[in-house]
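In what comes next, chain A is part of two complexes: it sits with chain B in the first one and with chain C in the second one.
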Partner chain A sequence: MTATTTQSTLLRRAWALPQAKIGLALTVVVVGVAVLGPWVGPWLTGHDTTSFAGKPFQSGGIAGTDGLGRDVFTRFLSGGLTLLIYAVLATALGLVLGAVLGMLAGYSGGWLDSLIMRGSDVLLSFPQLVFALLAIAMIGPEGWLLVLVIGITHAPRVARVARQATVAVKDADFIRAARMYAMPRRRILLREVLPNITGPLMVELGLRLTYSIGYVASLSFLGLGIQPPTADWGLMINENRIALVVEPWGVLLPVLAIAVLTVGTNLITDSLASAAAGTSQSGKPQTAKEASA
Partner chain B sequence: MTAPATLTHTLAARDLRVDTVAGHPVLKGVSYEIAPGEVLALVGESGSGKTTAGLAALGHFRRGLVHTGGTVSLQSDDGEPVSVLEVGDRERRSLRGSTVAYIPQDPAASLNPALRIGRQIGEVLETHGYGTSAAERSARIAEVLAEVGLPDDESYQRRYPHELSGGQQQRVGIAMAFACRPSVVVLDEPTTGLDVTTQTLVLRTVAALTTEHDTAALYITHDLAVVATIAHRVAVLRHGEVVECGSAEEVLRAPSHAYTRELVTAVPHLDGTGATSTSAAERPESVTPESAGSNGAEPDGVGSNGASADTAEPDSAEADSADSNGTQPGDAAPAATGGDRARTPVLSVSGLSVSYGDHRVLHDVSLDVRAGECLMLLGESGSGKTTLSQCVAGLGEPHAGTVSLSGSPLATSTQRRTAEQLRSVQYVFQSPYSSLNPRKTIAQSVELPLRTLTDLDATARRARVAETLERVRLDPAFGDRLPDELSGGQRQRAAIARALVTTPEVLLCDEVTSALDVSVQATIVDLLCELRRELGTAMLFVTHNIALARHVADRIAVLRGGEVVESGTVDEVLGSPSHEYTRELLANTPRM
Partner chain C sequence: MFRLILRRLAISVAVLWLVTLLVFVATLLLPGDPARAILGQQATPERIAALNDQLGLDAPVWQRYLDWLGGVVTGDLGTSAASQGPVTELLGGRIGASLVLLVGAAVISTVLGLALGTWSALRRGRAVDHTVSGLSLVVAALPEFVIGVALIVVLSTTVLPVLPSVTLAPPGEPVWSRPSQLVLPILALTLVVTPYITRMMRATMSEVLDSGYVEMARLKGLPERVVITRHAVPHAIGPVAQVIAIQLAWLAGGVVVVEFLFRYPGIGQALIDAVNNRDVEVVQAITLLIAAVYIVVNLIADIVGIMTNPKLRAEVAR
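And now, the complex of A and B:
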């Protein structure tokens, strides 16, 4: 209850910034397309995502056909949902895992801190995409693996921010008081520490969501994410890029959608970051940007 | 002290008005003037606008504040008066440091840690084009260092700020301010972070410099005892208005405004008169441990037990009774037998030693606190007093020696103490601004010890919290609020409520008043005294302020460099101090 009041002040402050409104509008448009698209698409165009609408790379219909003669607009409308779901799941996984590890490391200190943070340093030394490629090459392009791998690669980055924010509050008197009242560590982290580091974590949430969208789309583009014949934005870019000059919509529509979504979530993240920077009590919000830079 | 008779004013502020950007008034027409060589003290509590009024003399307003009216005129030694708020930025910047100088509160933060102190003073001189040659400037550096009572030799000038003590750092800050022989200096609580001995030195330095150079000084402070020592005239600020202005003698001895009277009476006195209006009057002037013990028991209607207070009971029996009390968290158990145990220590510390590496923080400290008694642990920063109280609370580092509660030894860390022991020893933190979780309501914070240390159900806990909030004179309706919706005093009450909610036998108060304004400080001290009488709780009152002794304590232990150098009843220690250090403390404590 209290956490929501303070979080809502953060959201209110963020909302007062113009970029938050623009960001939210952009995000809502793309999310709306992605969520409603699969249902509206066939009704709007009269085609299924996998049914043949005409000859390959023709300009009939709203956005023409792709290399296999399927309707591009229908496929575009249905291609966002999977991507979005994977991205959200991966972000959630990374954030929860990272926050838990980071708080544990920051609060406990000592060998546990070293173990967690040096372990995550090892993970950080792999480029995120390379790590994902490795795992997918070994196990195969499964949806759950995509979420798991991207989530895991987010975790050390979130953990750094969470650890830093935790260290900033862990010596506060109210935490010492909780220790004095023999509160178990789990509850101290959950009840005393977590509500005081939500600012930086909110910023991380936005940032990681943006990255997740990018990664899922990239992996699909490389043929390692979502597999054909499923309609997917990343995949569509790859399928239609050979006809970019003849029939550009198959590439342009998904590129635009991904770009708008990324810019939108980034703007929201930015406004959250500046709102958090304004409130002195929410730890050190700058660390969120520094650590992820 | 009287003001030097002069007709001109060096600094005059007229009808100064300042608002926040949002339109909330901070200063509502403040006027003051200072003659050459005069020290004007600007007194007020936090939020009264005293710093805003002081910084206006430099033509500076903090971010978020806008100047909406009034003028500040500055008369330098040679020439026309300058209107500080109307001149251009560049001109104003050249005034600062040369004609009007500022001495900030925290000396350590105001000095550049990477520059040697001689260089830092030299920089001020260069910026303002003091003198014509480097030789002249370096002569001035040595001169001004000598003026503030620091060594002026080359090797001292080559030191870095971190090689100096807090008092020396502040004197370097003063030297920087006085380097260009300004006509006006603004001092913003320059002694707040310093201990009393250093404070006296700094105050003397400031007084000597202002008289010697006929400098007008604006001294911003909340400490009326300091005002009495240094100021010629006093302006009392409240809610952005000057409520009273006059000579220091007049304002402090015969205050005309009700608010000033309140402030003056709130100041704790070494001789015990004045402050803590209600309880000091009701309480006998000197409370011996024996009478304190029975005092504690009386309100609970077990006065008959008080008769046996003088006949010592066997130790074991008392330890047993303490144990059986502890198992019933619901009642005011410790008070009920307070009379019986008046003579035996409820808390006993013996041979306590703590070291960080080679650095010895506490060395062989032994203390006893009897039931219902208040022991004042007096020490300056670095004396180890907080380390000691945290060791008792179980928050400290591993230590040698024993801490025992009613005869049974306590484990070093809270994790290995029993719930009953944890309930019995409670700790009130120094700053109410950091001791309450900003994201939890007051009721949630106060309820915390009950949740973890007792098995009361939710209804009983809620009732208990409301009862305790009332006990600390806080409306239970505050329970639903967040800490930042409360004032500092209210927060400290809530923190005290959290400590009392388990009816502890020993209450550790770590500098509980030092983060609060003077008048609020007095009410908190009052409250603690009343609670002690109502509940018979033994108290270890840790403080640096010897002036509080008569208001709260029965006995005093003086801690210095990790050792107890003197202990005894309040009368003994204040009346005939045996240790040199205590005498020095007493001599340096500013009086009104």
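And now, the complex of A and C:
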């Protein structure tokens, strides 16, 4: 069993499910807006994200103005990119860190296993958002810190899954054979173990991406993530919610975008989880927080 | 079984100790001069010296940790830099207010999740099942504040303006003296965790309904109601209890965002304020408190898991 065949059958099986197609469509729409928006926005509306467009909370233009008289639609179009970049980076960090630690723990066993897993127990005893707040309180709301902290809090959750999957394959014949050839541990993990645990890791990728988007947006919404005057969906909701009754678009557009995006990625994750559960022996499909907490 | 539970208890205590270490070490990350970072650039040297003295920043690190830990154990959580009052006083009333939210959401989501999960398992493959599964998949994806804002839009401002979106809490009056303002925060938290309980209950019930003993009960001619309530549900509760506990622990984190959104005077709101003010000792106290709740709830979940799992019961008898 090689890496490419496992992965492609998993993706093909997932793609056969209706939720995968719906999820991908939703995700593509929002990602498209987020990526193209910063270029299209000023050209379309004639305003900059921070330029003055009219009196505060007026309904001129497509979606009116915000509390500082900036054009809401322009800001909406530009508000997704930073969020998306932070979320992807945090997910990547968490997944790589978690996969490495989990494989090391599962494959090596013994004291290294205990050390890594007890260490992750400590991190697991904070809700992810609370841990992020602890770090932000000390260092301040910096972009790199958001990525780092969210990535670090993902790692033990990914590590648990990676460890379990590694333990399941580590005594398989092909790995014993590799050990007999005295292949170094790093190579066994990369060439033999990793290709055989891509199923659970893909599910984790989707799950962690959904959560990363939620956490970055939540922190910005709390005023402790992406900082003004940057246009950002989470921050926009915070800035415009006092005028929800007068000018609802400043809240509704970003809320809708975040909702559609997270629902989209979660639908893709669900299709991956169903596909992965079908290929492995351990029947029951796992849902999000069951596996994460 | 008792040995297993004791072991689990010992692990929890060790983890809790490591958590105190982590929460303390975090304060060492304060850039450069912590007192200046807290007080800002305009602070006079006297105030900085006073704060250094108050925080005990002149002592070596290990001694500061022991002092702080000693305080935590004896119930002295330090002094709030923002209000200049003791942290315990600041948190006193807020813990109760947050507990009201947590317990309310926990009870409603548990009952709702179990009922929906069972219902959907009994009608597997039919329209009801697909609707419940689809809805839970969608709602499960949404961050807390998105659910909260959606509730405000629908139930408090535009469509049906029936409920208050902001909590009014005059000093001295407990929040639950105006029950209507509790509805939206509790509803938001309920919607956050119910999907997971529903999905787990559906999966477990589906397995149970396919099992031999349920078939046996049906073949004996028992009425379907008795088959479900006496034979199927009790077997499904064990595994689901753990998921419920994990969800309740999750609520301890979700409450932060929901309280901020509804300006609810609980510990979550206090944590956000403290982070904004760099009120270090309050941040430490609240993160530690939330971590402790998290650890205890998970501990209870595991103990329930051990006690309801016949395999583990047998293992101990060996």
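What we mean here is this: the second predicted complex is superposed on the first by the 280 of 293 C-alpha atoms of A that agree within 3 Å, B and C clash if a C-alpha of one lies under 4 Å from a C-alpha of the other, contacts with A are read in each partner's own complex, and residues count from 1 in each chain.
Definition applied: contacts are C-beta pairs under 8 Å (C-beta built on N, C-alpha and C of every residue); 3 or more make two chains touch, one makes a residue touch a chain.
Since we're looking at a predicted model, the values are computed, not measured.
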Partners on chain A (chain B, chain C) - clash or fit: fit
With both complexes superposed on chain A, which partner does A:71 reach: first (chain B), second (chain C), both or neither? neither
Report for A:247: first if it touches chain B alone, second if chain C alone, otherwise both or neither. neither
Looking at the overlay, what does A:204 touch: chain B (first), chain C (second), both, or neither? neither
In the superposed arrangement, does A:139 touch chain B (first), chain C (second), both or neither? second
Give the label of whichever partner, chain B or chain C, reaches more residues of chain A. C
Please indicate which partner A:128 is in contact with in the superposed arrangement: first for chain B, second for chain C, both, or neither. second
Does the superposition put A:237 against chain B (first), chain C (second), both, or neither? second
Superposition result for chain B with chain C: lowest C-alpha separation, Å, rounded to 7
Would you tell me the residues on chain A in contact with chain B in one complex that are also in contact with chain C in the other? none
Considering the complex alone, what residue numbers of chain C touch chain A? 11, 14-16, 18-19, 22-23, 26-27, 29-31, 137-138, 140-146, 149-150, 152-153, 157-158, 193, 195-196, 199-200, 203, 207, 243, 246-247, 249-250, 252-254, 256-257, 260-261, 271-272, 274-276, 278, 280, 283, 287, 290-291, 294-295, 298
Which of the residues in chain A end up touching chain B in this complex? 1-3, 5-6, 172-174, 176-183, 191-192, 195-196, 281
Touching residues (chain side chain A, partner chain C) in the complex: 19, 118, 121-122, 125-131, 133-140, 210, 213-215, 217-218, 221-224, 234, 237, 241, 244-245, 248, 251-252, 255, 258-259, 262-263, 265-267, 270, 284-285, 287-290, 293
Flag every residue of chain B that touches chain A in the complex, lowest number first. 393-395, 414-415, 417, 419, 422, 427, 429-431, 434-441, 444-445, 448-449, 452-453, 482, 484, 498
